[in-house]
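What follows is a set of structures to go through.
Below are two complexes that have subunit A in common, paired first with subunit B and then with subunit C.
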Partner chain A sequence: MAVEQLSLILLILSPFVGSVVAAFLPATARNSEAIFAGAIALINLGIAIWLGPSVRDGGVVRMEAPWIPLLGLDFVLRLDGLAWAFVCLISGIGLLVTIYARYYMSPQDPVPRFFSFLLGFMGAMLGVVVSGNLIQIVFFWELTSLFSFLLIGYWHHSQSARTGARRALLTTGAGGLCLFAGMLVLGQIVGSYDLDVVLFSGEVIAASPLYPAALILILLGALTKSAQFPFHFWLPGAMSAPTPVSAYLHSATMVKAGVFLLARLWPAMADHDLWFYILAPIGAITLLMGAALALFQQDLKGLLAYSTISHLGLITLLLALNSKTAAVAAVFHIMNHAVFKASLFMAAGIIDHEAGTRDIRRLGGLAKAMPITAALAMVAAAAMAGVPLMNGFLSKEMFFAETVETHVQGSFLDSLLPYVATLAGLFSVAYSLRLIDQVFFGPKATDLPKKPHDPVIWMLLPVGCLVLICLLVGLFPGPVIGEFLETAVRGMLLGEKPYYSLAIWHGVNTALIMSVVAMIGGIIAYVALRDWLSGDFEGARMPGRLALRKRVERAQTALGRAWARSEVWLGLSHLQPQLRWIVCVAILTIAWPFLFRSWAIQPGAAEQPDTALLFVWLIGGACAIGAAYQAKYHRLAALIMTGGAGLAVCITFAWLSAPDLALTQVLVEVVTTVLLLLGLRWLPKRKEDIREAADLNAKRRRAADAVIACLGGVGLAALSYAVMTAPTNPDGIARWLLTYAYSEGGGRNVVNVILVDFRGFDTLGEITVLGIVALSVYALLRRFRPAVESVQAPTQKTFQDKYDAQRHESHADDRQIDAHYLLTPGLIMRLLFPLIAMMAMFLFLRGHDLPGGGFVAGLTFAVAFLLQYMAGGARWVEERLTILPTLWIGGGLLMALGTGAAAWIWDLPFLSTYFSYKELPVVGKIPVASALIFDFGVFTLVTGATVLILVALAHQAVRWQRMTGKGEKIALEEDR
Partner chain B sequence: MTDLPIDIPAWAALVTAALVLFGSTLALIGCVGLLKFSTFYERLHAPTLGSTLGLWSILIGSMIFFSTSQERPVVYELLIGVFVTVTTPVTMLLLSQTTLYRDRLEGRDPLSENPDPIDKTG
Partner chain C sequence: MILTLLNLSLTVSKLFLAMAMMAAGYRLIVGPRAQDRVAAMDAFYLNGLLLLIVFGISTANAFYFEIALAIGLLGFVSTVALAKFLLRGEVIE
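Moving on to the complex of A and B:
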């Protein structure tokens, strides 16, 4: 692979890797975080600059790796001029934003989270622009939605941040789903998801009957992302984000992803009337509405937000015109807007930071207090207004010139455009003017929360850099930006370059006249409205009926209510109905194919079982029925009988020559019984009189439950019977496993070889689930508070303690009483610890050839801990043993995964095992299999998971003691 | 179950048979006792027949059988014996203690001369 391809991979990977690393830096490391994030942005910028020559004349750098070859999907990174320009913007402005953020974030903010999300977002954005595959674009697209959600909601203690983040995620995420559908349709039309193929299939796409569907779906994605009318509402809400985030999201990234996508697909999709008729009105409305609303904002960032919406509308409109020169103007404006808007957001952040407020009405006369900031903001605002000699002027002139030209013959909309453009220009002059005048000039504000002054140089530096670019581009467009723009344009237009001129002065033409009109009109409008604008009203929004925001919110609320109602209606608010549903669905799912799909298993003739075994079964069955009968009012009895049924199963396994299963079954029975016993203690006592006082409803419910239970039980028994007696295929899997267990897996214990080798992947999945279950049990019990009536010690224990205290006055202390009645058993249990541990090791080591293995060994080892807890209580054990079950779980999983992955080193598939015999002194020949390490992972995880559940249950008792202790203290104080 | 080719010397077979029979007879007597005795405390004693002498004679029988049939010393049974010897008394102890407490709770303390139960409600 060439260096260029490798650098592309680095470009994508470095932000994501950096994101993970940044998350683990210490919370106070603002400097190292910023330097680290900045370095990654710098590396990406370096890569972009280095790759520049390769994409200059319409060149493309491509990197391919098979992804899902079966579906014709490859992972493609594709850098052309347009993507390259975006990479420059994303990493360049990203670099400045990290510097700025270092000084903007306060020491109290958890910066690792911030920089981690920022880097993740940068990576997602880079992914969108350099993806060479439609599906891949959607993937990264959704990632940007997720990361922007996390960034906007960074200050999650604030309600507005949460609302804003949620709204942004819902809007852009829903758009993303539409985009996914659209991309699938597009891929179907073209017959390939590869971007290169799609871009050159413009004619096929335009001719396809599916074009409208693809277009509308894709536009839904792009327009929601770019905050176009009527989906613009999420953007002002996103202003609750920290300002560096706003500066990044709303200048170079996030919202630009939408217009990027339009530009990206422009050669493939723009050549159709629908493109113009959908996009142009939306662009025009957004342009005008955004500009108008921006003027009426009182929040500095709100003003900038609406201005962003307006400028994005302008870009959308330019792209809608389906003319190559308009496309040039669009790309140019994307760059210009990114530069001046980023600097303005940063300036707004500085003002907020130094003056303590962003309310335009409260600010004023700041030019004296913070002259440098004022000067920089003024230049940037001038660029935004389109004042000559600034970069904004150039692209705005291009835009005006484009609107004047006729693109669609006889269209009312097309002839209306120059007026719309001029009016929007007028507004943008007015709001830029207002921004400068009311913040920096006029009477000096007196009631500011802080005394404003210029910030440290490092905070000004990023703004200064951007403003310098505004000026340089505005003054010397040809030499400064010419080549950059040309590269981007050639990339977008597939190598073509239409004629355009970057000169500042084109002579007196219509565009210039429009500019002058807008300029003068804007000044007049502002002067006329000035006093009224400072009046007492909050920032304007879209008027009532047009505001989609309200409707979306109302729909959300309605959905939430309907959901809550359905919960009540389906009876899902209680555990019992939930379980009933689960069981019913399970029964139906299994019965369905037999009842309606003509599935059938032909049961064969069963062998006549031994009389002795039959007797065991009778006892087991009686135990099971008894357990079900007693389950409601005598849980302890039910539990013991369940154990009896389990033992019957266990004897059956041993009888039928399945020692592995028997061993496992015994241990599982023991461990679950003890854990359940520990849990039972916290359940409130059932009142037996409920049984008698049941009304008709309850009786009906119980009868229904009995029917369900019988159906489930009988069904399962019938199914098992049918499966077990069905004639087996003599050449089936069983024979294969028996034949190859030793030659392929190196073990004589076929069950164990299946577990750790043949079906190792299943085992990996299972132990993962086990770990998750243990963690969830722990998480659930951590917040568990027992019912009031079960907080008190059980009657038996109270009585026992009382009696012991009476007889042994010296043993008044709680723990000594414990030691008293468990003196001998406790001692034995403690002494058994090393023996049981040894037993576990024995079972583990012989597992590959004889009954045993990691799972059984893990359970055995857990039993050792279980006994310690029973003998000494949680406190006693934890004073002496440091048990870190979560580490055991994680370590075991990693070990199993690592063993699996190690096979890759020898170019073998995941989880291939290696085995041979090694000669050891004294011990002799011992089998060495990599499966043993995998099995050790299983062992560790099983131990950890069981012990974690045990600890979670045992700690209830500790907490309860602490709780009642506190309660007694309070009672004592009250007595006094 | 499995059909081992039994190939052991006659003396070993005889000794094994005698030991196993003796052990199982003791266990059987213990079971009969469990059935015959009337109170819980009496019943506690019966099964110990099987778990001490009975157990050991069966284990020794087993050791002799497997050591001679496999022609190498087989001593796993020692571990079984140790484990059972250590754990059975503990189980018995716990059982009897529990019964004792329950009896006290119900007002009939078998240890006290004149039953004088403490406050029942606890």
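Moving on to the complex of A and C:
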């Protein structure tokens, strides 16, 4: 793999790794967090700059790793000019934002969380732009939604932050799901999810009857993300986020993902009338509406949010026009907007930080108090308004020029566009002017919560950098931005470059006249409205009918209420109805195809069973029914009967030639019985009168449950019978496994070969789950608080102890007295330890060829430990034996994983196995299989998990005995 | 002749063991005391083990013996646990 590909991997990996690392830095480490996050952004920026030459002339850097090639799903990183420009933007502004955030966040804020989320977001955003696979884009897309949710809700003690975060997640997340569907449709049309193939299939896509479906779904994703009308409502709500987040997400990255996607798919999808007719009106409405509403905001950040909506509408409109020069203008404006809006957000944050409020009505005359901030904000606002010699002017002129040109012949909308554009320009001049005039000039504000002054230089530096870029691009567009823009344009248009000019002065043309009109009109509009705007009204929103926000919220509330009602109605707040529903649905699902789809399994002739076996089944069945019947009223009896049923099952397995299953069954039976008994100690005592107290309702419920249980049991039995007696398919998987178990897996025990070789990946998953379960049981039990009545020593014990104390007064130590019980069995149990351990080894070692294997061996070994605990008590065992079950679990998992990963050394897929025969002195020729090491991992993990659960349960008794029996005050946590 | 005798004795012992299991199963289900149930379960396990051995003899399949070995070595653990529970109120002290 070339260095370029490796650097791409580093680019995508470093933010995520950094996110994990940042989360674990100490809570007060603001400096190191910021330096760390900044370093990651800097590395990415460095990579981007270094990769620049490779993508300059329409070149593409591509990295592929096969994942599921059968489904056309590969992990593809693809960097072209457009993606490269975005990477520069994301990491460059990311760097500035981290510096800014260091001084913005207060020492009370938990900064590790902030920087961790920020880096995670950066990674997700980089993932969206450099992904070379449609599905992969959607994955990272949803990841950005999630991280933005976490970032907007960073101050989760504030109600508005929570609401804003939830609204943003719901809108963009739902849009992401639509996008996923759209990408699937698009993949279907093209026949590949690979971006390179899709981008060059423009004609196929446009001709396809599925085009409208794909387009609408994809646009739903892009438009929600970019806060386009009517989905714009989440963006103003997201302003409750810390300002660095707004500066990053709502200027340069998150909202730009939508327009990025439109630009990305532009060569593939733009060549269709529908593209224009859907996107252009939405873009135009958003442009105009956002600009108009921005003027009427009282919150500084609210103004910027609506202005962002408006500018994104402008970009959408440009992309809608399906002209290459318009696309150039769109890309250029994406860059310009990111730069000036990020700096304005930062400036707004500084004002909020230093003056204590963001309300435009309360602010005023700040230019004297904070001159540098004022100067910087003024330049940025001028860029936003499109004043000449600023970067915003250039892209706005391009936009105006594009609207004048005819794109769709005879369309009313197309001829309307110049007027819409001029009006929106007028508004944007007006609100920019208002921002500057009412915040920095006018009468000096007197009732500010803080005394405003310029912040530290480090907080101004990021703003200064961005404003400098605004100016440089505006003054010398050719040398400063020319090459950058050309790279992005070539990337977007697949190597093409239409003619465009970056000159500041194009002579007197229509666009310039429009600009002049907008400028003068904006100033007049602001002066006319100034006094009224400072009046007493809150920030304007969309008029009632058009506000989708309210409808969405109403639907959300209604859904929440309906859900709560259905919970009551279906009785889901209790365990029993929940279980009843689950079982009923399961029965129905299985019965469905047989009842309504005329499915049938033809049962063949069954072998005549032995008469003795019939008796065993009879008892087993009776035991099972008895256990179910007694389960509620007499747990111990139910437990014993379950044991009886278990043995019947074991004998059946043995008779049906499944020795592996029979062995496992016996061991599982033993271990579960002991586990349940250990738990039974902490459950309330049996109440014998409960049965009589049952009223009619309870009886009816029990009868209904009995019917359900019978249906389920009989159905399952019938199904198993039918499946087991059905004639085997000669081409089925069973035959394949039997044929290849030895030649491919090197074992004669097919069951074991399946477990550790053919389906080794499943086994790996299962043992992972087992380990997690054991650790959770352990963790939960550390905080276990038993009911008051079960804290006391059991009745039997107190009774016996009292009697013993009278008889053996000399033995005051209770450990000695304990030793008096089960003396002979106890000794035998202790002596059995090596024997059982040997049997475990035996089962393990021969497992690959004969019945046995890691799982059974692990259980056996665990039983050996269990016996010691039962014979001597927890203290006795732990004085003599150090068992570290957690190490067993971890070691086992690592061993299994390591065996799997070792295959990579020989360039084989994960978990490939190896086997051969080796000569050993004395023993002779023995089979050696790598699966054996894997199986050893299974063995260790199963032993560790079982012992850990048992020990955790057993320790409860010791702990509570210590606390209550001797009246000692021992901390609860100190149980080991 | 010997074969017939063997077959006969195998059939008879299977039948007898099954009957013993039935008897143990009755106590297991009906009780009435918990001690009866535990003792019955032990008897049930023991008879099951013997039945497996008889199966092993009649089919000449060695795997039956191994399962019988497992039951013999480990089957008593649940009995001990139950006994300890009844005697002391908790399994591990």
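Here is the rule we use: the second predicted complex is superposed on the first by the 587 of 976 C-alpha atoms of A that agree within 3 Å, B and C clash if a C-alpha of one lies under 4 Å from a C-alpha of the other, contacts with A are read in each partner's own complex, and residues count from 1 in each chain.
Quick note on the criterion: a contact is a pair of C-beta atoms (placed from the backbone, for glycine too) under 8 Å apart; a residue touches a chain by one contact, two chains touch by 3 or more.
None of these values were measured; they are calculated from a predicted model.
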Review point. If you stack the two complexes on chain A, which partner ends up touching A:595: first (subunit B), second (subunit C), both, or neither?
Key: neither
Exercise for review: Tell me which partner A:832 touches in the superposition: subunit B (first), subunit C (second), both or neither.
Suggested key: both
Point to revise | Touching partner for A:643 - first (subunit B), second (subunit C), both, neither | key: second
Point to revise | Residue contacts on subunit A - larger count, subunit B or subunit C | key: C
Practice item. Answer with first, second, both or neither: which of subunit B and subunit C does A:207 touch in the superposed model? Key: neither
Check your understanding: Looking at the overlay, what does A:457 touch: subunit B (first), subunit C (second), both, or neither?
Key -> neither
Check your understanding: Can A:824 be said to touch subunit B (first), subunit C (second), both, or neither?
Key -> first
Review point. Of the two partner chains, subunit B (first) and subunit C (second), which one does A:803 touch, if any: first, second, both, or neither?
Key: first
Practice item. For subunit A, give the residues common to its interface with subunit B and its interface with subunit C. Key: 657, 795-796, 800, 821, 825, 829, 832, 835
Revision key, fill the gap. Contacts from subunit A onto subunit C in the complex sit at residues 610-612, 614-616, 618-619, 622-623, 626, 636-637, 640-641, 643-644, 647-648, 650-651, 654-655, 657, 659, 662-663, 666-667, 669-670, 673-674, 677-678, 680-681, 793-797, 800, 818, 821-822, 825, 829, 832, 835-836, 839, 851, 860, 863, 866-867, 869-870, 873-874, 950, 953-954, 957-958, 961
Revision key, fill the gap. Seen from subunit A, its contact residues with subunit B in the complex are 657, 795-796, 798-800, 802-803, 806, 821, 824-825, 828-829, 831-832, 835
Study note, to complete from the structure: Touching subunit A in the complex, subunit C uses residues 14-15, 17-19, 21-22, 25, 28-29, 31, 34, 37-38, 40-41, 44-45, 48, 51-52, 54-55, 61, 63-64, 66-67, 69-71, 73-75, 77-78, 80-93
Check your understanding: Mind pulling up the subunit B residues that touch subunit A in the complex?
Key -> 1, 83, 86-87, 89-90, 93-94, 97, 101-102, 104-105, 118-119, 122
